[in-house]
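The chains carry the letters A, B, C and D, assigned in the order they are written, with residues numbered from 1 in each.
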């Protein structure tokens, strides 16, 4: 009944599911802790500099995607970071502006930012009208509006997290030119290098999910990250064992993978 | 001290972008007006791609996805055209095309106008065919792999498939000796690895934007793709099939612009370090 | 020139759109805005056209041939648009659920092989004995980088990153930076070939046409004029307030 | 109900691949075909969203925007009319495509190349050890990508080949493996109803 050549794949798939579901139910009892994320650690310094220079902080989630796309988890992670940034900004008395591409994000972001200000005890300082700015729903119109904003307000810090498309290249260059310190992260692999070149701090690929889970402390998200970590350990063990056995002249692991 | 006046290094660092773009434009225009005819070296990936098609026995069927969008045509198009030249010149192959990009059928017509299959005696419906666009990317690839006629019984001009001799005995992935995908999207380039290579072990040739190459390298290394090339290598394919066109013409421009931008990088770094050094000196003295 | 009106007009329109679209590089302007909206409009239109083409060819045709149960498919397809209705939007979840379910099923069943097991298999199969020293060194380095990068992306075991293990992340980050440098340079190459493609079109197809040599400077001047800030140009005056 | 459908569809497709059970194959073939047709239905979403946004711009006379909105809606209607009434394979449709969409999309996407060039000038700098590695790797590949230099300076080809075969392939492989774990975890999360974002907004009862 089982198709030969696909048995080990099935076992692995089920194992990964078990890792994920098991970790989620364990996370309900005790939330696992996280390693340091270099990009996130830079946030207080970035907001601090904005406070010193009396300039604003800019936040964007990119000019693409939709809430029904597979990129949704990236937007969820971005919102967790936005909440954290809002809290920091409220504390330091810095204005944070979120430029919106997807109109569906407006109510979500407003709530997230308000909650951040509330945590800092400064709910009154939040002005949804001017801090959640809908720019445009067209990619390049949005990009050009954000570039205009960057030239006018010259924000001290610029945070870009979410599913980015070609606009990553425009934003990276523009914010670098106007002198903003940038923190960027996206799980869309092809865009990461552009951020790596043009931004000061980087969350590489999956780090944004980890950042989102870490900041939101959401049980499912944290549990799933833990489940994936176990999957990575599984991959590490198989790779090392296989490599050593191959060096020793045995193809046991390779044959096992082909079952 | 130097607060009022910007040092030369600072000025160099803050060069307005209009100047940078203007210089880059020159790097495009000079070789276009006055081609140098720089040579084009053949890389192993392109050679492997060529040899793979060359080694196909007569009567083999090729599945070919015109999965790129108009936005990527200037890069991917020339490569696709050169490969069509190769396939038609070799002859005796059945090329079954479709598209997972909704501009694919239009780009197919464009490529055919450029190739002119008649000159090799290749006939529509006998040597090649276009089935049309299929929505749903990976779902479409899986569906086509399972059964073409389960999904459609007509070609893109809505003529029944049974009227074409090329479609005799071709219905699913197991009937194809090779799958080729030209694409500007990662969903497509990786989708064939998942839905065709993994499921049916069909040999796979992938042509993508140069910028997507790194993401495809692991597949090439593991043998899941026979060869991964970029559209920017079109000049190489054109010189292998001896039909010089846009690809070779772009080699001069590539040489000029890449050198200019490398100089940008070097000047940028010199300015950066010189400014840092002069600042240090100023604060030290 | 023996060219029919249709091709000549097509080249002219395409050439003007090309110039207007490029103008964005220097500054946003009215011509670019016009070109961009035409682009978005035709792209959406093209989506509808091919959507209808697919629905009729792969849905309607089998239905007409007697697959009566395809009527359910049409109902599902129509119900997709219920998402725009205030009250019945939840109906659209049924077809979406089928699409999402099929999609994740298809992707998961082969992802596990293509992107996980096959990659382990390929890495584990690399040899360090019985090959030349350079290959052996490269294979070993390949393995080390791969392991370090996977290790780098382990987040929830903080003890794995403390103590003397900082160098693992360091190796991973260095290797990824080299990979990003490689990708960035290739990305630039991609853009160069695309820009060349458009310039080549202007030079080979448009400029040889009668009148094009005159039209080129005129259109460039008009584009530059449109880039001037509204208060600095005599017409049109009113700068639209945001 | 929708969540049950998600799980059912996903399990059917997975079971069909790993196990040979008579009967599933035909169901899965239909399921995949239906997936294609439903995706085709969904291609209209983009246009509907645009209609929503731009009719609003026009009715409110949004300054600096509404004339463009008219252009946009007109182009949707024109393209659709030509494509539907004269078929997408007609010469008229390909005329329209070549004059507008083709020329525009190719140009708009290529134009980011200029931003990359100025990014090279300003940002590709050896500010610390990490960015130095990035810069050197980038520079080698930039130089090698000039075909004439690749012929004249063969060492560039060797170095680029090494960067591509060793650090890039292995780092990308690690990122790919991590990504696949993420995809499979997201999949199971969706199947057990922990990830419901794709369902869109919530009903009154769910709120």
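By definition in this document, a residue touches a chain if its C-beta (ideal position, glycine included) is under 8 Å from a C-beta of that chain, and two chains touch if they have at least 3 such contacts.
No experiment lies behind these values; they were computed from the predicted model shown.
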item: Per Cα centroids, the chain farthest from chain A; value: B
item: Among all chain pairs, the one with the most C-beta contacts; value: C-D
item: Where chain A and chain D are represented by their mean Cα positions, the distance between them in whole Å; value: 18
item: Mean-CA-position distance for chain C and chain B (Å); value: 13
item: Centroid distance [mean C-alpha coordinates] between chain D and chain C, Å; value: 5
item: Distance between chain centroids, defined by C-alpha means - chain B, chain D (Å); value: 16
item: Chain C residues counted as touching two or more neighbouring chains; value: 24-25, 33, 36-37, 40, 46-47, 50-51, 53-54, 58, 96, 99, 102-103, 106-113, 115-116, 119-121, 123, 143, 146, 150, 153, 176-177, 179-184, 186-190, 192, 194-195, 197-198
item: Numbers and ranges of chain D residues touching at least 2 other chains; value: 14, 17-18, 32-33, 35-40, 42-43, 88, 93, 97-98, 101-102, 105-106, 108-110, 112, 114-118, 120, 122, 124, 134-135, 138-139, 142, 145, 164-165, 168-169, 172-173, 175-179, 181, 184, 186, 198, 200
item: Of all residues in chain B, the ones touching two or more other chains; value: 17, 21, 71-74, 102-103, 134-136, 139, 142, 151, 199, 210-211, 213-215, 218, 221, 232, 254, 258, 261
item: Chain B contact footprint on chain C (complex, rising order); value: 25-26, 46-47, 50-51, 53-54, 57-58, 61, 99, 102-103, 106-107, 110-111, 113-115, 118-119, 121-122, 179, 182-183, 186-190, 192-200, 203
item: Partner chain A, residues of chain C touching it in the complex; value: 24, 28, 33, 36-37, 40, 96, 108-109, 112-113, 116-117, 120-121, 123-129, 143, 146-147, 150-151, 153-158, 160-161, 176-177, 179-181, 183-184, 187
item: Touching residues (chain side chain D, partner chain A) in the complex; value: 14, 17-21, 49, 53, 108-109, 112, 115-116, 118-120, 122-124, 134, 138, 172, 175, 177-179, 181-182, 184-186, 188-189, 192, 194-195, 197-198, 200
item: Chain A residues touching chain D - in the complex, by the definition given at the top; value: 1-3, 6-7, 9-10, 13, 16-17, 20-21, 24, 67-68, 70, 72-73, 76, 103, 137, 140, 166, 169-170, 172-173, 176-177, 187, 189, 194, 196-198, 204-206, 209, 220, 224, 227-228, 231-232, 235
item: Touching residues (chain side chain A, partner chain C) in the complex; value: 6, 8-9, 12-13, 16, 32-37, 68, 138, 140-141, 144, 147-148, 169, 190, 192-194, 196-197, 204-207, 210, 214, 222, 225-226, 229, 232-233, 235-236, 238-243, 245-247, 251, 253-254, 257-258
